[in-house]
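The two complexes that follow have subunit A in common; it is paired with subunit B in the first and with subunit C in the second.
Then we have the complex of A and B:
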């Protein structure tokens, strides 16, 4: 009886191992399928299951709408946010992960604040302050988005530093490294995976932001999400909206795929 | 001659601690010498090493390298390196690049650094492991790489902080052998912190650190033969203790008077120490020094320890001694036996921190027990009376 139960449990376990990844893929692919179809369709009426005519009308219209420039602006915005939020996140994550602070609760709550608060509310509040201070819109958007990205970088780096022994830096120092060299040559390279993840997350905060760019940028900074938002809200042109959405999704997805492959190859090399 | 490393009157308090972790510690290490700092957990061994390395700052005292004070000099600019209990290999570097790390810091090219590192890897018998990552190594191999890395740093003094304590017995033995080979090949100046007597035995001299104070700095044989304090005797272990008084070069107790040889403790309350392997068991009719009844026979490594309750000559008080016997003793609990106390060269007396003589109607238990910090603390506080269990690691 016990043996039969074990066999049944093993079979169920095996099927779960197949079904769950399949469901995950299905969950991720399903939302992208209509986008893919619309991006390759010239005509697709609401009653048809599949597009009636295939074509690149959506892509042409997206190029005309300034897709390339919008993607470049989004890229710049993401890079600027990552450039500010990642080093700050490394410092905060190091202090929290290695328990260098006497009272870590308060900084943790403050750092998590932007995630808890509604972006619209924060952006509206900051909009007034920034207008009064006369800070240029682009700078203001980068600064505010960096604040929103900081919790992601901080807590990613905190987890990374928790897994790293602080004694590594001491070891480097007694081998002749200054404290700066110890960080640059030992702990930061040892934290590469966390660092790349934190940078990616900060970049995505800037890349995919809509609310802050709209409210603080005042509609003057046209990024990819702004273009998608305006197309989705006003044009009724599904082919254009889908093409814009697809082109905004592809670069991060490709970057993620490259990073995952590189990390997996590195792990394989280490274990071989 | 100027010492390679000189720790002078080092005092260090850990925040919140009432007692100092290190109290006026002095230690001199000569060029090419290996000194072991031996002590129980919490005695301040690691703190002493960290102060020497510049990783902790003392409240007072000085650290001198070749006669020059390095107080205020950051760790990386002190001419010494540390090998910690954990190997702390840098996970993102290969084994070879870990060993080449110090060379690279000095601005040598990658190829030069690797060539130099390879020599040290060969020295620790891991010449073929250079391309591996640290996580692909076993615990023993990791420690060998850490040793090679510390040697490759080519510093004036090498500080080893219980480097082999996490390894199993066989690996530890092979690391001890390796350390011997390294000393023969490079003659480095080493300070090793340990709680292991066998490991301490590798050193030229041993500093016994108890509760932040160096109780004795001597060759390991002297610690076994002539401990300076009761705390040292208990840390070394294997001593039978008999409270009494020293007067005119002899120890007097309820068991009788025993003449002492060598440096005799000043007159006053003192504890007579006799190593368990210096006592002999004999037949009752062979004129033993004392007689008694076996109460326990237990295995102790390759020997057997026979606990004998002595027939007290003056009262009904209990007096027990621990005698090391060869394997296969025919004695069993309940048997009567004689015990031969060695001549004066096998006896040693130390000041009695309890500082009062046993009254004759007190039960006295005199046999080694496993060392623990509580007994040392009591001894240090002068609260060890004749009733207290005592002794040391066997």
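Then we have the complex of A and C:
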């Protein structure tokens, strides 16, 4: 009797081990499915379960709406943010990770600070100052977003430097490398994964931003999120919205896939 | 050979000077940008920086729309708290499955990273297409549009909360996984040798080990949800709106007299986020010490 109960319990436990991961996969995937369906539908009216006509109407309309230029602008914005936030994050992360500061508490709080602040509040405050000083909107957007990317780059690099031994760099110095050579040839190659992660996160801050670009740019800087926002909020054109949303999600996903492949290949190369 | 006592001292001083130089650019940029912004927002909310007319110290920005401000604060807190609870619970479940090396681990981690790269705005647009009364869920469930619950733009911010919980659960999961990692595998073996069953391993080993990461990532999710504009803008109802949506609406109002009210809304949102951080950080520190 007891044995039967134990067997039943084990069977239930086994099925739970399959059901829970399946539910979690469902939770992560399901919100994105409407995008895939609508982006391939040229007609999907009423309440029918699947599109009546498949086609690329959404893609044609997205091209007409200036999708390519908007994606390029988003890419530039992401690259500019990464170009500022990554080197500054590497420097600060090195100081924090290798404990080069006598009192790291205050700098740490400042460097984490932007996480707590709402981007819209910062953008709103700067708007007046920018207008009075005549700073171009693009420059202001890049600066504000770099500030919001800095916690990510700094603390990714802090964790990376924590895992690296400063003695390696010192050995390179003893062997005759200049401090710059030692940093470039010894430490940075060992920190590649952290460096790529930090750059990717900073890029994503610029690439995905909506609120700061909208508030400071005043609708003049048309990035991909601007097109998605205006299409989703007012057009009722679900095919267009889905296509724009999908095309803003695919480039980072593809970059991620490439990097993951390269990293796993390098790992197997090291092991063999 | 004896080492001169001052040489290590000098070396440390040089290293510390180098450290200060290394953090200075990042710290200065953050202080300059956020400092200017916050001072301006507070000054505007108190009537000291009007677009037109004479500056005059007053709390009108806060009091004129006190009722709306209160409703928006409540809406924001409700949305952020629910989204945080959901994200923490689901994120921790994902992390549990992954660190226990359950089925589909690689797929789950890959999906979580993928979800993290998707912009919130895309998530919001997709959630709208999924949950609205002519959305995919309604079409596939066969429930008529008339009797479909008001998930998007309804009385309760369901869609906003679900979108935030969706994306942030991936964030919580990845933070917990990366903080627990190898340590859990070792400790779990020890616990198993000492006779702890799976449930005891979860409660006595995994939970305390991941508590600091879970608490700090939950704090980040909470303050993010308080400050996000686009998700509630696309998925929320017109009234009461959360603080960021209210602030943006007042900020872009043609009546420039609404500027102090917009700034006051931003001040309230920032104050709430800072308060949450100040209240939670001692807890995070204690959990880390207990670990």
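In this text, the second predicted complex is superposed on the first by the 244 of 272 C-alpha atoms of A that agree within 3 Å, B and C clash if a C-alpha of one lies under 4 Å from a C-alpha of the other, contacts with A are read in each partner's own complex, and residues count from 1 in each chain.
Going forward, a contact is a pair of C-beta atoms (placed from the backbone, for glycine too) under 8 Å apart; a residue touches a chain by one contact, two chains touch by 3 or more.
These figures come from a predicted structure and were not determined experimentally.
S.K.: Let me test your reading of the model: by the given contact rule, A:115 touches which partner, first (subunit B), second (subunit C), both or neither?
M.R.: After superposition on chain A, A:115 lies in contact with subunit C alone.
S.K.: If we overlay the two complexes on their shared chain A, which of subunit B and subunit C does A:28 touch? Say first, second, both or neither.
M.R.: In the superposition, A:28 touches subunit C alone.
S.K.: Where does A:256 make contact in the superposed view: on subunit B (first), on subunit C (second), on both, or on neither?
M.R.: second
S.K.: Could you tell me if A:102 is touching subunit B, subunit C, both of them or neither one (first, second, both, neither)?
M.R.: Second partner only, subunit C.
S.K.: Pick one for A:47: touches subunit B only (first), subunit C only (second), both, or neither.
M.R.: It touches subunit C, and subunit B stays clear.
S.K.: Name the chain, either subunit B or subunit C, that contacts more residues of subunit A.
M.R.: C
S.K.: Where on subunit A do the contacts with subunit B and the contacts with subunit C coincide?
M.R.: None.
S.K.: Using the touch definition from the top, list the residues of subunit B that touch subunit A in their complex.
M.R.: Touching subunit A: residues 53, 55, 74-76, 80-82, 84, 86, 88, 90-93, 101-102, 105-106, 133, 135-136, 149-150, 153 of subunit B.
S.K.: Going by the contact rule at the top, pick out the subunit A residues touching subunit B in the complex.
M.R.: 165, 167-168, 170-179, 181, 185-186, 189-190, 192, 270-271
S.K.: Spell out the part of subunit C that touches subunit A in their complex, as residue ranges.
M.R.: Per the touch definition, subunit C meets subunit A at residues 15-16, 18-20, 22-23, 25-27, 29-31, 33-34, 36-41, 44, 49, 51, 90, 93-94, 97, 102-104, 107-108, 110-115, 117-130, 134-136, 138-140, 144-145, 163, 166, 169-170, 220, 223-224, 226-230, 233-234, 244, 247-248, 251, 262-263, 266-267, 269-270, 273-274, 276-277.
S.K.: Under the touch definition given earlier, write down the residues of subunit A that touch subunit C in their complex.
M.R.: Touch residues, subunit A against subunit C: 17-18, 20-22, 24-25, 27-35, 37-38, 47-49, 84, 88-89, 91-92, 94-96, 98-102, 107, 110-111, 113-126, 128-129, 143-144, 146-147, 150, 154, 204, 207-208, 210-211, 214-215, 225, 228-229, 231-233, 238, 241-242, 245-246, 248-249, 252-253, 256, 260.
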